[in-house]
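Structures follow.
Note that chain A is present in both complexes that follow, paired respectively with chain B and with chain C.
The block that comes next holds the complex of A and B.
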């Protein structure tokens, strides 16, 4: 790619390649044209994490795909587990036991909290506040410990939220452990430093996305909510047991990097509340539909199609699954929120920005190259 | 999925919003749609009226293009293109499906309707399925680098065969197993 860049012309206009090896960019690059300190144009260069999941899933059984779905986003594997499990459940008309639905919501929200912690951490790093990064990753580890206890894996749960329910029930005393980790998360939220003048200078009025632009560019989730639209799939189209849970959808109107970060913090507080409520009401009983208790690999998926939407930490995620009655799905289309956030939205926001603001804009979108490339 | 909570049960029996939208579509275009369940409607159309229908639906509140997908029906010789739209006002998802010839996959672009968000979805599908979206000015390669093979997500492209041919050596002890 480097050899394709044009040499710098005399008047001070030059090409600048942000990523993919930049520590702050993830496996993703942006080609920028810069004059002086101003970005004239930006062109996203995705594909470094393209593994072709949609095609791979066509060759695999739902139980194998459950494990594969972990890898759709490294930073919030559990939420992608859930969306795959829901797609298969709906195609196979499986009634998920109530306890499993509660466990699914608890795990998805814990996953959202740790994903927002990473967001805060990398954003701090991008704006030159190293301590924030270290605090964030330290506190995130408590949730990783819970994941290890419950699923066996710290980052990848290996298809814990699987078709028919969840892979296994909570081990003894898990509820108490989750509650004590939630106390630590509340402590973490208190520690997140957002009112410091140098932080405000780096974020306020930076990367402003108006509501009209956000809708036109296909933004969803925290990015859309920071631009003034109270849209959340958990409210609009409640799945699992979200319709029984009381929570707010944080909204801001400014649409800048600061507003997006505040949304992240407020969502963490909401998620902590959701987990507490779900734990309060957690019923007993089975955690896996009887049809899937002893999964037969030869089970055929009834012909049909579904489109499942979920609210993951980054925005709207979707899975469109078509079956023609075989054991493997005929077609799977995965819609990741970052496909829109990292290409049209990022290109739009970077155009006209200052070079020094690039990391702040970039990380204020809560990006994850994995669910964009798929 | 089980229906949860009293509110949902009530909504499911009525489905007024869903029926209203289908009514509007059938009045204007004489097409019958199908209500799959709450908040899910599917409509199949000919590709000639696709753009008109999309414009109409956008003006009815379906401002969010959630995704575009292509299903390759190999036996039928058709590509089925699916536009998944979401209305923030009605809180309903509408899937518009249209079939085009698989060997000559050309269809009008929906970029004039949903702007940049449609642009990027179409660019992806052009690369992975080879669909030509007429009117989309930027269909440059997106994910694949230096790829000159057929569109890789087509059903008749056997990637296992391709990888064996291109990257594995039958004589190599470790790689020979892939040829069994």
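The block that comes next holds the complex of A and C.
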């Protein structure tokens, strides 16, 4: 029997699958060709999480679509709620009350913090730094508790940032609770400075993406900023109340996995500052425009088209919405930042990498298969 | 080794863990949590708004059984918790506050038929 088996070739190409059932990869795979320990070519294998949101949204009212927009990226539902709400607001020419705008920014930034915490956690797990993973997911739960208090759900806010404002006001004493959670987040960011040499060795100089390549392949958000370009939609085209808030855009020039990870942590510090400033200036008043006080089944969206772009935790997100005067949108096109990060950028970075570095490169891009496949 | 790991180490040795021992203790659930529905049939006016706003079409309007038909002649919402996404739009649109989401989150079951909440089950 053994005689019939062909001996393994001493040198040659192998096919190697990373995902889609790998515990660290999410619902996404990469088909790799390797020779020895070197990756010769990589081919992304997307489509395992396609749910067809663009089509589903054509059959639903804006309020129902707000609920649906949670699922665009499970790890940061609130930011996607915001972008959908803004698209509908602009199409329907709705004046959002000031308090609602502040609440929207507070919730979007809290969502960004918890998304970056997940990123830090899974990146630590991928590089074998288990303590970082446990710290991250332990502290993330404090933000989940806040979401539970404010929106009524831990992961899915069910369209909390809805067209016309937000679905309900903060319960009493929420401001103090948010501030105490922010103190805990600052404590966590300090803990994340605890890095050992083996962690640095696994991340420094790995998966280097030059600025030229980043621009050519369409990288945005933290990936582009880690390659040395200060690009942030919140600064370039401020939406909601970002023009009144003072914050920095962290930039690094190295473009390696370590730089991308550091950008995430520095952005968390900036987001904590943004939430503090917004809480300081939080005005009173209504949280929902009068047109959307009570859900109405007969509200029609005026004919027109709009493109909204936002800075979500993973990069630049966009939503193009066309209406021809019906109750439901005629066409919705969603631009997720991860489509470009997970296909061209990942394929480019994996080419020529060592097999042991694949998880570090993969997770340093802050991926989300839900956002890519939609 | 980073020297300031020591205070963090000492603090964590003598502090409570982040987790709770679940079946015996649980984290408190806020009042506004979106859990299982509470339905009051006597408030309901059978307007069907909840069935129309439901994004997942989890609400179906059903007729009362024969013995209750005299008291409840219209159609009433039957909620399929298996389809429900707990968004709370039915609660928001209801003008009579007949439908509300409660803090009950313990909804897992072995029997699939129990996921359907019949409006007359408590009669």
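Quick notes on this one:
By definition in this document, the second predicted complex is superposed on the first by the 361 of 374 C-alpha atoms of A that agree within 3 Å, B and C clash if a C-alpha of one lies under 4 Å from a C-alpha of the other, contacts with A are read in each partner's own complex, and residues count from 1 in each chain.
Note that contacts are C-beta pairs under 8 Å (C-beta built on N, C-alpha and C of every residue); 3 or more make two chains touch, one makes a residue touch a chain.
Quantities reported herein were computed from a predicted structural model and do not represent experimental measurements.
Because the two structures share chain A, they can be overlaid on it, and in that overlay chain B and chain C fit beside each other without clashing. Judged by the touch definition given at the top, the superposed model places A:149 against chain C, while chain B stays out of reach. A count of residues in chain A touched by chain B and by chain C gives the higher number to B. By the touch criterion defined above, A:104 reaches neither chain B nor chain C.
Legend: residue contacts after superposition of the two complexes on their common chain; A:140 is shown touching neither chain B nor chain C. By the touch criterion defined above, A:159 reaches chain C but does not reach chain B. In the superposition on chain A, A:95 makes contact with chain B only, while chain C stays out of contact range.
In the superposition on chain A, A:64 makes contact with chain C only, not with chain B. In the superposed pair of complexes, A:50 makes contact with chain B only, with no contact to chain C. When the two structures are aligned on their common chain, the gap between the nearest CA atoms of chain B and chain C comes to 11 Å. Residues of chain A that lie in the contact sets of both chain B and chain C are absent, per the superposition on chain A. Residue ranges on chain A touching chain C, taken from their complex, read 60-61, 63-64, 67-68, 138, 141, 145, 148-149, 152-153, 156, 158-159, 167-168, 171, 191, 193-194, 294-295, 297. Remark: chain B residues 1-2, 4-5, 7-8, 39-40, 63-67, 69, 71-72, 82, 84, 86, 88, 91, 93, 95, 114-117, 119-121, 124, 128, 142-145, 152-153, 159 touch chain A in the complex.
Interface residues of chain C facing chain A in the complex, by the touch rule stated above, are 2, 5, 8, 18, 27, 29-34, 49, 52-53, 55, 85-89, 92-93, 101. Listed in rising order, the residues of chain A touching chain B in the complex are 46-47, 50, 52, 54-55, 86, 89-90, 94-96, 101, 215-218, 220, 229, 231, 236-241, 243-244, 307, 309, 316, 318, 320, 322, 330-331, 333, 335, 339-340, 343-344, 348, 373.
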